[in-house]
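Below are two complexes that have chain A in common, paired first with chain B and then with chain C.
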Partner chain A sequence: MPRPGFVLEVDERTPPLLVHEGESFRMQRFPVGTRVVYPPDSLPGIRDVPTAVRHALLNPVDMEPLTALLTPGMKLTIAVDDISIPLPPMVLPDIRQRILEQVIELAASKGVDDLEIIVATALHRRMTSAEIRRMVGERVFRSFWPKDLYNFDAEDPDALTHVGKTDEGEDVEISKRAAESDLVVYVNVNLVAMDGGHKSVAIGLASYKSLRHHHNVHTMLHSRSYMDPRPGKSAIADSATRMGRMLRDAGVKIFQIETTMNADTFPENLGFLNKREWEWSAFDQGLMMASKKANDMAPPRIRREFFRRIEAPYKLTGVNAGEVEAVHERTLTNLHRQQLVEVGGQSDVVIFGLPYIGPYNVNSIMNPILVHCLGLGYLFNMYRNKPLVKKGGVVIMYHPVPWEFHQIHHPSYIDFFEEVLRETTDPKTIETKFEERYAKDPWYTHLYRTSHAYHGVHPFYMWYWGAHGRDHAGDVILVGGEPKSVARLGYRTAGSLRDAIEMATDTVGPSPTMTYFHAPPIMIADVR
Partner chain B sequence: MSIRALEFYRSPARYVGARTIGARAPGLVAGPLAPLRLATLKDLSPPREGWTRVKPRLSGICGSDLATIGGRSSFYFSPLVSLPFVPGHEVVGELLDDCGDLTAGTRVVISSVLGCAARGEDPMCPNCEAGRTGRCDRVTVGHLQAGLQTGFCKDTYGGWGRQMLAHRSQLFVVPDGMADDVAVLVEPFACAIHAAHRAQIAPGSSVLIVGAGTVGILTLIAVRSFTQAGHVVIAAKHRAQRAAARMAGANEVVNPEHAAKAVRRISSAIKLTPERGQDFLLGGADVSIECVGSRAGLDLALRTVKAGGRVVLSGIPAGGADLTPLWFRELELVGAYTAGVEETPAGPRHAFELAIETASSLGPVLGQMVGATYPLDRWRDAIDHAMSAGRLGTFKVAFAPQG
Partner chain C sequence: MGTRDDLKEMARGFRWGRRPLVPKSAEPFEQPREDAVFPSDWARTDAGVAARQLILNGPMNAILHNELSLRVYGREHLEGVEGPVIFFSNHSSHLDATLIMTSLPDRWQAKTAVGAARDYFFDVWWRQAFTALVYGAFPIDRGRGGSGATDKALELLNDGWSIVVFPEGTRSADGHVQRFRHGTARLCLEAGVGAAPIAIIGGFQAMPKGRFWPKAGRLPVTVRYGEVLYPEEGETHQELTRRMSQGVAELFDEHRTTWWEALRRRERGETPSLAPPMGPDWRRKWEGSRPVPRRGPARAWE
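The block that comes next holds the complex of A and B.
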């Protein structure tokens, strides 16, 4: 039986603990009394994945079996999550490939000819053919790419349809192909609680016109947290639910498939990253020291390449199919089984080690805006009930925050950083003054549609994503961050944890209580 | 009594040397390759009615002077100058003789063009008649030897000497409260005001200024003072230039390599990258003003202006720029040379008058732009400093000829 997550209180015997900091990590000794939140041990994976997938397809929740929904001459659309999840990319075969192959096989056996597969990128960058090939597998890729397997294009007016409005006046504009299909099968990889549910179609296949209703500052500030999709907890989840139900009522039939993974985030050669420090064997310790040394000595390019090649040996812990809400409920149960950790109360300071990867820099560069998003958007929001840090407390994060951008993937990020953040870091002002111009900038649109660039509005969403954390925290300090880029984000830099704690006392007073959130692997703090 | 002055003379060997290796070794241009000498010249006397001797107090070193010394000027100018000459056309000095309504001892700045009035041409050419002396068609004829300006004419000498000649039509009185280091900038500021007028910037228009040396900063001040430009982006290479540009009212100060991106951002243009050469925009700024006088600067200006937009050449143009955008985007390419009478909402005014008025209120800002003054016998140091001014954080280097 895998052990649950737990909270360690640092004492004199506690060894230095591993902290991620971008494309590196460090061993950090924490002050006595610091609480350290560890994720639960990895759950055992399902041994026979093909059978589990087949079982899910043929025994769906609150819906007829997929075989009964497939009929000759029908129009079938399969949508799949893009490579922003899971993180890191999983060891092949990707779970999406395994599901797609079975769904396509069933469709073929039922005489379905009109089948298209859409990578549900929403406003993410178009995946490259190599990325899609890796994700869907050689067989599917060869059979469908590029005519019947393609990236969603949220800026192609001919490929969108305005289905209607929710009762709160939110526009629902999604892929025309999906909206006009007799059946949409959506294949999810549910890495965190926010993934899946009505978010899949209503967000993954939606346009800016639709997304702007929930990807905005107001919604973000009223989502406590994004990782808690219970009604009334997350405004973004509530909005997605309204849109999803509106689609259902408009006749868009969705067969939802959701999958959950265990916590095997790092491969064997970096196995120590999955373990608790005091349980490291001599081999693990040697491996850690060798990796650290080699990493520190390697030129930045080699280092980046090393990290880029990491593949997670995730194992499937659950696959469910059927009606969207019913499936998602099961998914959340599964996810919480793996990720939930009970934590007793908040602290004055919370500490995050930011890893090298987030959803928006797969095969790319983690630029300063993505650092903000990963820290204050994702890690900060990995809670239920209340944040790990008290209101007005201090968030300390580790990351070098280089002033560096991927020129192809993040062109509007560069301008956002240089133009918008130079003027203001206030999310509301940014939204009012700049969002529309960036969202409708023809050059960004051109690059989004024809190159591999994130949509012009995407950096805004990343900024909004951290709005709740920013609003909640009294101060944000980056340990080891490049002063110039950290200052542009509106945060402060510290050379060491000791300095950061010293600086934090300005805000929270002397002898603050502290919590180190020891992730990844991913977990959710259930703060009581 | 004789006159100490720096004299530019004909030296084919030095010209070739400066032109071929001057760019790579600018120190040599201020050293053995300089076609300059500190000479003792014969005394001057006012040649006729309307002329006066001027004792320069400060005389700036201009980009056009450096281009001439460095062998980078076009041969187009060769019939427009008379050798040897004493350079220096950015001059604040005092009169040594009574001149018309002005008495000896009056402090003046000099509008450098040697147009019809100075040359005794009667009737004047149509341009001089209209006050556009920069466009004078008679700069090679009349009482004087050829010379488009003071500082390029053998007869008048120039500001890099202890005495020079000036015609009453060239003189503008410096107000008492104006310091010499502000007054010496009146001539380049008047040129900048002229450039701002030539740019015909409509209210709210976006403007890119390429270069933030003396010309660029003064042009920025002129654009802000005499037009209702909207968003102004300036491309500045050096740190001191960036700081000055911010003070002078630029909305955005960027490195030259980021200028296309900044213009693209404000204009929502499409940015394209050719197989070779700089990026260019489809769309872009309404007006671009080139203030560097380099091929790269002109290329940038041409590539970042919207179709039908205007490119103003304020710096002396360098050859070799790719004119394809001029043709393809149907741009207007406009020259802005020296200063003359400008049309203002209050009627025609000479750019020198406007410059003096505006400079009076900007005194503290402009005063900081003269970073160093040198006596004539340290001319090699002065030239060397001026050639590296941007890198050294200096805007204007000037001679103090009486020192």
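The block that comes next holds the complex of A and C.
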């Protein structure tokens, strides 16, 4: 039986521990007494995936079997999660391909002719044709691209429809095609607890008009955490639920298919990244040293390419289909089985090693804003009940934070960094003063619609994403970060962990208690 | 850091060339198994006793007298005492058990076993065998507490064996007597036996923690036996522990001054405490390692 996650207490016997820092990693000795949170061991995967998928489609939860829902002449829309999950991209075949092929097979056998597949990108960048081909598989791609398989366009007024408003007055504007279909089949990959559920259609296929109701500073500050979608815990999840129910009441029929993966995040040749350090064999130690040395010596382009090519050998741990809420409940149970780690109490300092990849820089560059989002948005929020760090405590993160942007993917990020953050880092001020202008800027909209750029408002969302972490922490220190870009983010730089701890004592006093969150693989700290 | 530093750091952290260690908090939980311990009952058979006495009174005694300037006082307190008893002393050196076992009168030596920490002395077969043979040792779970830790001790006492235990639980790191734990007193009360105090003076100076052979120079070591303390009617283990600690303190006082003066101070309740001096660590170590003065006239070259 795989071992559950656990909390190590660093003692004299503890070897140096691996810490991710962007496109590199380091071995770090932690002070004695530091707590280290380790994820549970990887769960065994489902052996016969096609049968499991078929079983889920034919035996859905609180819904009729898919075969009964498919009728000749119907309008069927299949929506799929985009490239932002899973991370890193999984080895082929992608689970979405496996599910799509079975759904399409059933649709064909039931005489469905009007079938379109939408990549639910919301305000993310359009995926390239190569990326889509990789995700959906050659057969699906060749049959449907580009006419009936396409990226969602949240700025095409003809392709959107305003379905109505929720009880709280939130606009629900989603893809017209989805809203007018007889059935929407959503194919999801649930990498973190925030994914799936009503977020799939109500957010994945929504426009800025709809998204602005929950992607804002107020909602973020009231989401504790947004990785804990229990009612009342996460304002963003609550909002998505209201919108999803509104869609349901308006007659949008959704057949939700959700999948969960185990924790096999890194391939065999980087297997030491999946293991606990004291269990490393001599081979693992040699491999780590050789990889690190080669990586450090490689030119930046080669290094980036090396990391870009990493494919996660994720295995499926669960697939459920049917009514959105019932399916999502089962998905979360499955997800928690793999990711939940019980941690006793908060500490003065929390330490994160930020890996090379986040949801918004697949095949791209992790710019400073995404570093902020990954650290204070994602890793900080990987908790239930309360954060790992006390209110007013210090967050220490490892990342080089290069002043570097992907010109095609992140054009609005560049201006956000140069113009907005130069003036202020306060999320509320940024929202009031700048958001509208960036969101409606015709050039950014043009790039979003025709190139592969994230929407003009996306860097704002990234900044809001970290608002709760920023508000909660008394100080944020980046170990090894480029001082200029770190200062622009409003944080401080330290040369080493020792310096960072020394700096942290200004905020939390001498001899602080510390917790190192040893992720990836992804986990959720259930802080008691 | 350069490659050389990286390698050094890895070699140190991952203990290259040595047994790899698992961090304590990551050790898998295992129910301790009784049968994992090397059996030691053979060492308390007639043949075992004969072999032990041969070793103790032969090579062990010779080594001790060769390496140390050893004096033993107070053995007369054991005359007329009916066994079994629990011998207890301060503990600051690996010499302690050997000093007690070699200095015990024959009658007692033949029927006395030493309690030894299971985690330290009973981890590998050869150490278990040596400890059992030379000291007739039996394992004590010092970390575990509860009744299971002292089951074997109780069994031996009931069989008429006297035992040697160190109520401090572990050797002193600074030479000072540490707080006595209550296990020994509980054992006395449970078995209804007396406790014989022993003070070992100079053991720390001669062979402190971390050494496996006495320091050169035949350093003076004194072993003092005190009167056997018997549990009183209605006495609690806390009270008995206090008396035991007091018993050792009186022996130290007697060594420092005279029997008469120590007696007077005891009557007045003024026996100096064994507690280490207050203040930082270094001060305790400094005081604890202060050389014990040699007896008799100074050597010509001193």
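Going forward, the second predicted complex is superposed on the first by the 528 of 528 C-alpha atoms of A that agree within 3 Å, B and C clash if a C-alpha of one lies under 4 Å from a C-alpha of the other, contacts with A are read in each partner's own complex, and residues count from 1 in each chain.
The rule is short, and it goes like this: contacts are C-beta pairs under 8 Å (C-beta built on N, C-alpha and C of every residue); 3 or more make two chains touch, one makes a residue touch a chain.
Bear in mind that the values here come from a model prediction, so they are computed numbers and not experimental data.
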| task | Assess the superposed three-chain arrangement around chain A: do chain B and chain C clash, or do they fit? | result | fit
| query | Among the partners chain B and chain C, which is in contact with a greater number of residues of chain A? | reply | C
| message | With both complexes superposed on chain A, which partner does A:Asp11 reach: first (chain B), second (chain C), both or neither? | response | second
| message | In the overlaid three-chain picture, which partner chain does A:Trp145 touch, first (chain B) or second (chain C), both, or neither? | response | neither
| query | Angle at chain A, chain B to chain C, CA centres, as a multiple of 10°? | reply | 110
| task | Figure out whether A:Arg276 sits in contact with chain B (first) or chain C (second), or with both, or with neither. | result | second
| request: Determine, under the contact definition given at the top, whether A:Phe306 touches first (chain B), second (chain C), both, or neither. | output: neither
| remark: Closest CA approach of chain B to chain C after superposing, in angstrom, is 34
| said: Please output the residues of chain B touching chain A within their complex, sorted ascending. | reply: 252, 258, 261-262, 264-265, 268-271
| Within the complex, which stretch of chain A touches chain C? | 6-11, 13-16, 27, 29, 276, 278, 280, 285, 289, 292-293
| remark: Per the touch rule, the chain A residues reaching chain B in their complex are 414-415, 418-419, 437, 440-443, 446
| note | In the complex, the residues of chain C that touch chain A are 3, 6-7, 9-10, 13-15, 20-26
